[in-house]
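Letters A, B, C, D and E mark the chains as written, and numbering starts fresh at 1 in each.
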Amino acid sequence: MSDIFDGLAAAFWLLVTLEPNLVEISLRSLQVSLTALAVACAIALPLGTWLAVQRFRYRRVTIATLNALMGLPPVVVGLIVYILFSRSGPFGVLGLLFTPTAMIIAQVVIITPLIASITHQAMRDLWAEYHDLLISLKTTKVQRVRTLIWDGRRTLLTAALAGFGRAIGEVGAIMIVGGNIDHATRVLTTAIALETGKGDFALALGLGFVLIALALMVSLITHWLSQTEREGRW
Amino acid sequence: MSDIFDGLAAAFWLLVTLEPNLVEISLRSLQVSLTALAVACAIALPLGTWLAVQRFRYRRVTIATLNALMGLPPVVVGLIVYILFSRSGPFGVLGLLFTPTAMIIAQVVIITPLIASITHQAMRDLWAEYHDLLISLKTTKVQRVRTLIWDGRRTLLTAALAGFGRAIGEVGAIMIVGGNIDHATRVLTTAIALETGKGDFALALGLGFVLIALALMVSLITHWLSQTEREGRW
Amino acid sequence: MVSPVLPLKVRGVSVRRGARHLLGPIDLTIEGTGLTMVLGPNGSGKTTLLKVMHGLERPSEGKISYGLARAEAERRQAYVFQTPIVLRRSVQQNLAYPLELIGRPRDEIRRRAGEWAERIGLGGALSSPATRLSGGEKQKLALARALIRKPELLFLDEPCANLDGRSTRAIEEMLLEARAAGTRIVMATHDIAQARRLATDAILLINGAVHETGEAPGFFDAPVTSETKSFLKGDIIL
Amino acid sequence: MVSPVLPLKVRGVSVRRGARHLLGPIDLTIEGTGLTMVLGPNGSGKTTLLKVMHGLERPSEGKISYGLARAEAERRQAYVFQTPIVLRRSVQQNLAYPLELIGRPRDEIRRRAGEWAERIGLGGALSSPATRLSGGEKQKLALARALIRKPELLFLDEPCANLDGRSTRAIEEMLLEARAAGTRIVMATHDIAQARRLATDAILLINGAVHETGEAPGFFDAPVTSETKSFLKGDIIL
Amino acid sequence: SASAETLKLAVTTSFNNSGLSDILLPQIKKDLDLDVQLLIVGTGQALRLGQAGDVDAVLVHSRAAEEAFLAAGYGTHRREIMYNDFVLIGPSGDPAGIAGSGSAVEALKKIAAAKVPFVSRGDDSGTNKKELSLWKKADMDSAAFGPWYRAVGAGMGASLNTASGMNAYIMSDRASWLKFGNKGDLKLLYSGDPILFNQYAFIPVNPKLHPQVKTADVARLEDWLTSPKAEKLINDYEINGEKLFVFNAKR
């Protein structure tokens, strides 16, 4: 129990002294997760919206599959990315293994189905509302997707934050493809795993609280920014 | 690259021969994740819906916090649960550490904010639609929440499946609180992590594919069941 | 037989949203029996006034009070919205919902829902999803759902806007019947002929303010202001 | 000056949803200039017919054809829905939207959106969120948004249901103007007086089937069947 | 550090846990201008990384696996660097009474006889293989043990955490134990049998299979690791006053 208070104390001191190592790995965590989020959103928002808009033969199965992919085990994603980018793998020549880029790729794979699934769900109701109008106005597929994403942007916040949360807290995949190399690919979660392995719970918890504080900050800023312009119903 | 095909082959053989060990850990994975899902839904669906329905002073901050908690790092959750349930912890006497129950508790903590956040987002639009009517009919808070959950049940599918996906693919927390003990707390993800550590990538991938197949099965069954009764708009 | 919910008193009520002044200040009393018709051009604040009186919108200033404590008073009211709100359920379940909320027995609910469905011509559509009904059918459903709890004070926001002649007539009969059974009605409409047929007294709103009020025959046949005159002829200038 | 979109031919069209037969079989031709009024009791299939003609709903049987290839023909049409659909944007952006879709220049869009907002009396509400407008304001907005692309074939589903007398008159003027400029109109309404004022020809739907059609003065003044007679008087028996 | 050459070395958790790397790496950086990036993984995974050419060399402690690795041609040669030892940890009350046993095998036999909880890494790591070989020496089949024998399938740190949580016996390398922060009621109960010695070896990855491997830098690193300077640093490294490693590279 006292470990938890030690952890809070550790988090406090890490933050107060702005321990340079902490700053480095926190920034790397943010950089990796935010980049992965941006890439994943660029794929998942249009994809999820398109799935809400388009009827086709195997639509239900496709959606069920996308939903199932939210359960992609990070370790397996890590392994597959590792195998693909390993020296002896097909993309080995790129030399991306054990770099932040590889970590971003793994995270994109992990969070894209999550963001796309939530997006699909959020866009379904809006599409039901807009359906007749957009069909009547002879919009193209791309215009429909664009209109829905734009008008539903505040609803998509949750999708994006879910993706970010999953990315910033994830450890299984980035441990494998990033390698947790000090000063190169170490991020908050891999550092936490390392300290846990050493039995240094106070430090591990301290880093964990820093991570949670970071996630909270991102969430609050996002909510605050998206609230500045206040049209819509609520 | 060949590892991936070996992995597929391994998955195939594991499934064809119904390797008893595989059956055991798969069932345990399902049991732990589905129980965690049930408990988390029992908390998160009413909570998320209530947040959509209720206006109060710190509502926005509460929602932003809930959204941020989707980023709870599993390792940290695992650590905290470990500390609370360890012999010297406050709940040590229960002797729950290294049992499936502890794993369920950790997973509930991890997936509840995710399910609640998605629920809140999904229920916001429905509440906007029902708001005037339910207020006018003088419904109690509980009746509002119940009505929204019931009428929005198909929208909540995504929330539940996201929670399930997160639970079944999670490894960081259950490794710590479950201990990956053979024939006691080993589940698919911890087995995958183990085989990865051993360098047996084919077996690790094989288990991973089995896990994905399981998630797919659950998703398809859920979609199929929820489609049987087809009212609503779509 | 005046309902104890009355009198409904509106005292110095204004509604502002953001920088816009939508309504007021308004002083009004709804009492006795009868049907008060709220008239006015589009955007004049009819819906806002009805919602404020029903307790759905909070006034920025002023006070609403009833003959009973607020909670009890609100329980005895019902409201039919301008755009019908139907639950994503079957017609039967939509009708049953208000009764379920107050815990009526199952077979009573079934019986009354069935009766009302018949009355609005949806007896054959009991198990259809209500969201798929036609515009007019939805409006009739919403009205029946409001009447099923036998409200003592009923707010109607253009309940016949999408109805055909016969349905309109049927609804008007239902309203007269409800009135006879003791329901006090406050209603907004754009159909001046309907207003004449039903109103016992009328209020004309212009730009959020009460422009003229009066007892029914006088208001329609000998309005005081020239604006009221031209509004009733269908060509008010804002 | 007949639009090349015409003639719109409806041939043997039926609509079924699940076990329900909603419409048809229907044979119709919309051609020339003018305004065809679709009449009928609630649930008789007016909305369904309009949507099928516009290509929004697919007929279960039969065919719809235009004077032009379908894609081109659909581009020259517009539709105003019974329940107005407004985008979750400002009034200005709602009006601009159809023009943005076809890539008109920015300042033209701004100018035309401004003009139309003035015409429907929402010139002062350009930047208000459209979802907060009153019922009648939404309906006017939806109509302006449909007219802004100068459609050659226009479907209107009870466009004046929530409008006050003056707005109704203003809208009717706009429709006459559009007609004069070459827009062919097909419209559903429950307001028989309005139907008389506007229609060049009329269709009476009962239970999803065409009961009677005819040129305007004759249809209203000397209907053939007794059902049509009583419908026009407001008391059809289904 | 931007200008320095980098080199990737896969090491096992136990080596990293010892903290020795924090002493050696900065010195290597200074002497060779070489940034050694450590990948801390299980023995099996370390060898897989070498086999795939994703690291330039490996530093592990599992003789049989290392020889198989060499036999398959994945490495050029095996250079022994140093050893430390394994120790037996258990509850401070020592319910099985293993303290003061005559040998490691005898200690394990006592544990088995008492059927007290024992945590095994169960992950095929060097440590795990050593433990299994000891059971074999004691003529016992670890696969047939009852539920007191817990194969947890995890790294050293995680296994220690589990043992601490269950108050169980466990075999650990000395370094990981000394550095471990969550000891709880656990205590070092037995050590010293030479059979428990734990040899670390350095294996460069075969550049014939993986031309991108930085052979020259690997050779410089190997030279440094076997140099008198490294010898002194390794032999002098202590935690809480206890010596951890014995340098034994042949020059």
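The working rule: contacts are C-beta pairs under 8 Å (C-beta built on N, C-alpha and C of every residue); 3 or more make two chains touch, one makes a residue touch a chain.
Keep in mind that this is a model prediction, so the values were computed, not measured.
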| item | value |
| --- | --- |
| Farthest-lying chain, centroid of Cα atoms versus that of subunit C | E |
| Distance-maximising chain from subunit D - centres being C-alpha averages | E |
| Contact-richer chain pair [A-D vs A-E] | A-E |
| Between subunit B and subunit C, centroid-to-centroid distance (C-alpha), Å | 46 |
| Chain centre separation (subunit D, subunit E; CA means) in Å | 80 |
| Centre-to-centre distance between subunit E and subunit A (centres being mean Cα positions), rounded to whole Å | 35 |
| Sequence positions of subunit A contacting 2 or more other chains | 88-89, 196, 201, 233 |
| Sites on subunit E at which at least two other chains make contact | 41, 155, 158, 161, 164 |
| Chains grouped in pairs wherever the two touch, ordered by label | A-B, A-D, A-E, B-C, B-E, C-D |
| Contact footprint of subunit E on subunit A as seen in their complex | 86-89, 92, 95, 97-98, 179-184, 194, 196-202 |
| Subunit A to subunit B touching residues, read off their complex | 1, 3-4, 60-61, 63-65, 67-76, 78-80, 83-84, 88-90, 114, 117-118, 120-122, 124-126, 128, 155, 157-159, 161-162, 164-166, 168-169, 171-172, 176, 188-189, 192-193, 196, 201, 204-205, 208-209, 211-212, 215-216, 218-220, 222-223, 227, 233-234 |
| Residues of subunit C touching subunit B in the complex | 51, 54, 56, 74-75, 77-79, 81, 85, 87-90, 97-98, 101, 129, 131 |
| List of subunit A residues in touch with subunit D within their complex | 129-130, 132-133, 135-139, 143, 147, 151-152, 231-233 |
| Of subunit D, residues touching subunit C in the complex | 17, 20, 40-43, 47, 82-83, 121, 128, 132-137, 140, 157-158, 161-169, 190, 192, 231, 233-238 |
